[in-house]
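Contents: one structure, followed by commentary.
Per-chain residue numbering starts at 1, and chain names A, B, C and D are given in the order in which the chains are listed.
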Amino acid sequence: MKAGQEEHRKKLSGVFAPITTPFDSQGKIFLGKLASNIQRLNQSRLRGYLVLGTNGEFRSLSVEEQMEVLRVVVDTASPDKTVMAGTGAESTKVSIDLCHQAAEMGAHYGSLITPFFFAKKMTDRALIGHFSQVAEASPSPVLLYNNPGVTGITMSTGVVKEVSSHPKIFGMKDSSPGNLSAYILSAQQGFYLLAGSANFFFTGLLMGAVGGVLSLANCFPDPCCDLYDLGVTGKLEEGKALQYQLMSLNQLVSGKFGVAGVKAAMDCTGFYGGPPRAPLLPLTADEQKKLHDDLVASGFLK
Amino acid sequence: MKAGQEEHRKKLSGVFAPITTPFDSQGKIFLGKLASNIQRLNQSRLRGYLVLGTNGEFRSLSVEEQMEVLRVVVDTASPDKTVMAGTGAESTKVSIDLCHQAAEMGAHYGSLITPFFFAKKMTDRALIGHFSQVAEASPSPVLLYNNPGVTGITMSTGVVKEVSSHPKIFGMKDSSPGNLSAYILSAQQGFYLLAGSANFFFTGLLMGAVGGVLSLANCFPDPCCDLYDLGVTGKLEEGKALQYQLMSLNQLVSGKFGVAGVKAAMDCTGFYGGPPRAPLLPLTADEQKKLHDDLVASGFLK
Amino acid sequence: MKAGQEEHRKKLSGVFAPITTPFDSQGKIFLGKLASNIQRLNQSRLRGYLVLGTNGEFRSLSVEEQMEVLRVVVDTASPDKTVMAGTGAESTKVSIDLCHQAAEMGAHYGSLITPFFFAKKMTDRALIGHFSQVAEASPSPVLLYNNPGVTGITMSTGVVKEVSSHPKIFGMKDSSPGNLSAYILSAQQGFYLLAGSANFFFTGLLMGAVGGVLSLANCFPDPCCDLYDLGVTGKLEEGKALQYQLMSLNQLVSGKFGVAGVKAAMDCTGFYGGPPRAPLLPLTADEQKKLHDDLVASGFLK
Amino acid sequence: MKAGQEEHRKKLSGVFAPITTPFDSQGKIFLGKLASNIQRLNQSRLRGYLVLGTNGEFRSLSVEEQMEVLRVVVDTASPDKTVMAGTGAESTKVSIDLCHQAAEMGAHYGSLITPFFFAKKMTDRALIGHFSQVAEASPSPVLLYNNPGVTGITMSTGVVKEVSSHPKIFGMKDSSPGNLSAYILSAQQGFYLLAGSANFFFTGLLMGAVGGVLSLANCFPDPCCDLYDLGVTGKLEEGKALQYQLMSLNQLVSGKFGVAGVKAAMDCTGFYGGPPRAPLLPLTADEQKKLHDDLVASGFLK
């Protein structure tokens, strides 16, 4: 039994929004809008926030900007919300530095994407060393982040098996297609899995995931939380129906347009989305119009 | 005719070493060793240095560390050497910031790797916008850097055709397998290609590349410069023979071990290589011994 | 409503074994062993057989051999078993020829793998044309077969949406990681999904798949059928537990060794597995011994 | 020294056309057109023909059709032309059968594509076993065929090193981007490399390849033979110029449209191209018109 594992289970159980970073039309960070987005999300049943993840365009920000963003979220989040911060860099040393900075800001967890610049050299041994050393040195507990669509690296179940017993590593966000169950099976006690996409959230919960980090939660937090409730209570028929509705919705937004689509959907739902930072391109006016119509047709946008 | 294109051709023609970043056994940057490496390379016929590239483990450094490294190289390089600095980040804005910092330090060119975190969204339009905007805002001229082995993105010939006429973009380092000629064919006047690997340096020169950025130049600058001379003078038989020798050598060093191998070979040849920064792993003692023996057997290490 | 769709639903609902092709030590097909394997599987609750699929090494056989194999299975299968035969070739014309031959032999369905030799040209339009024309010309109904791990092509949901309304196309075996739900969502009435791996069989059933084609069913048909029963009756806890047990088992057998492992596990469980056909390599003696021990330790091999 | 190696060098030195298979509008093979294409190519300086390769859509034909095609080419080819036939199947056994059939028809060499259906299992050991066993059993000498763009497998230099000493394996057609020199370096005596694309034909010749199998040779045999002459005589400036012209031409034809483009260009140049076999799609009328105009503009189509 890992120290504190039950408390961590509670802090990680539920739906998390991977917070987007608002920019103005010049590409400057718009901290006021970030605060107002968080204030509104505070009213929801979301379990918490992941700041500085893929949807937060964290690699498009300077480290100074990253910390400004994190400060606003930590300062604005209501006390019951768990705050995770992306602190994974390409080297062990820089990741440790970011864990220190994020912990000082008040983030509850550091989230460590697999280093991938030297992807061909990221053997199990290299990754195990990296995650263990960062966890060891980090003031706060850490989570892993597996996203082969971005990194080109699919975490092996052997890595999960090995590092899941580490006393300061408490889980993983998995955005890979089709591996979530295999990771749950490989994980040792006190290591919790979070579905990294609405596409497999309901089945993930049924198979033992404790929650999800869903880009849709930025614009549609309520149905995401509804699906969580159906999953943990094992309501098969209703859950299946809502799962398919959210998959369709997710396809319209994130599947088709990525971060730019999430932001455009936020603009449709009363949040501030705004443009992504270049070289990411925003939706064209036609695409935005079409997205709005599609969201209305889906029934989720009233 | 692009303003200054002949002068740029001269500054880019020849062999460049993609400088490695020396670390001590704790992973701290070892600036004294960097300076002594450069002092020794200053004695060679190398045309110049690429600082903060893949072999420099630039993404494994903090921005502060990057600038320390660049400052030492700029301060130590003899005045006849051209200094390029990796200034490509994941966003247009951060890339521009880095171009400013590097130019202030005294780098002659910024080298822009294709942004790749959002690889699936890096359409030609996105990349053309990125490169053009960075070049526009940069105080110094810039070069592109195409390395699909790292980024997963193969620059299209359409992008090269479009941006090669930009008045501040003067060339590209191409590390892709088999595309160098296609880029030369697509490039407009005043845009110069550099081979990004010893494996196709000689044929690249024969087809019109003006030089190369060769990891081998860190440890074996002389034969690299010999091959350059054979290429530009069209000495087919000698060039072919040396090309095959350097391919074998390159396979032993970089092909097998990547950056860690380049550093280990530097340790064999009187430079300071040292360990790579974690999570990259150094060669084992056995691998180092074998590499030394292989280098001796190759005839290049006396 | 598609003509006959309810009857097809019945014929496709349950567990299918993707029959392996037995060879002797010289690589000659061992038809007697094939018959005895089928006779034994006839005693199980399996819904039927897929002959000439990936596990049948169909592309390693001549067309004459394929038809010999199919004849034995059709002649030996008990009348209640559904027989599907791999009839997908690289051209529309040859696929149609194979559908004719298989139907004459008595196969109930032709199974059409996506053509993939010219993978880069297999646009949605090309695939829709192919599947529709083969179905049109085939004497028997057909199923699609999506296996990107082999073909490099992930069927788009647009293709499924389009061809699922075809009056002679009744479903798809999906072996891709993580897309099964998306295909179910895209399919029109009378188009049934079969999970192509034990790894996502239980969740697939919960989300609406009607059955599975599971390599494990060649050697362990009973627990596969048990899992099917738990899935269709929505027994969450027992189903989850068995799902995880079968995932572990599957990893030992097919995950680690592919077809050669399935055959070796058959040799452990009283079926005839035998060697795969070269260039596929059989397990070494050590690997076979280890597999046997692992199967005993798993509890599935008594 | 390998028996007969000098004679094989002669038979393999020069330009080969990878013969396309003509179909009528119903997808039926048009043998008369095949014969007339060959008759016309017999007048050229081509060294010979590769029948049943990628451009021959060999995997889209039944084995009976393959042999009909081969018979026509063998019967029509002038005696000085070397005829290679694609005889590589997914299993060692079927490949051997095809080698026998092709040799009986009169083909001089069998060409063995790497088996790739079970690509993940095609280890060096599996491939070495395959090629050696097929060569051993084949009545005629064999060549390897490396085309990762189709197979997903890049032959390792270790495989080439090992099998290149086999007394019945005399060379390889390499269509991979950027590896040709590495294969030449790895090959033992009496193993000859053929460039599999016009894109690297000239540099390949300079580095030691003895010839090329060029899809352009189907429609523009003369400039391909001119480039060969410039390569073997080391005419750098003229060779470079023609190489770039043929790269542009190749991009218009094969690069853009694949086999369908080669056939369309044949229709423009007085050969019979015709449509590819479904599911490959022919060029649209607009694309054909544009291709014709582009070929005229290139100067190669008078």
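Simple rule for what comes next: a residue touches a chain if its C-beta (ideal position, glycine included) is under 8 Å from a C-beta of that chain, and two chains touch if they have at least 3 such contacts.
On a predicted model such as this, the values are computed, not experimentally measured, just so you know.
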item	value
Any chain that touches chain D and chain B	none
Farthest-lying chain, centroid of Cα atoms versus that of chain A	D
Same or different residue numbers at the chain C/chain D copy interface, by half rule	same
Chain B and chain C, separation of their C-alpha mean positions in angstrom	49
Geometric centre distance via CA averages, chain C-chain A, whole Å	36
Residue list for chain B, restricted to those that touch at least two other chains	none
Arrangement of touching chains [line / ring / star / complete / other]	ring
Touching pairs - complete list by chain label	A-B, A-C, B-D, C-D
Chain D contact footprint on chain B (complex, rising order)	176-179, 181-182, 184-185, 199-200, 203, 206-208, 234, 236, 240, 243-244, 247-248, 251
Complex contact set, residues of chain B against chain A	27, 54, 57, 59-63, 89-94, 97, 115, 117-123, 125-127, 129-130, 133, 149-150, 152, 258-260, 277-281
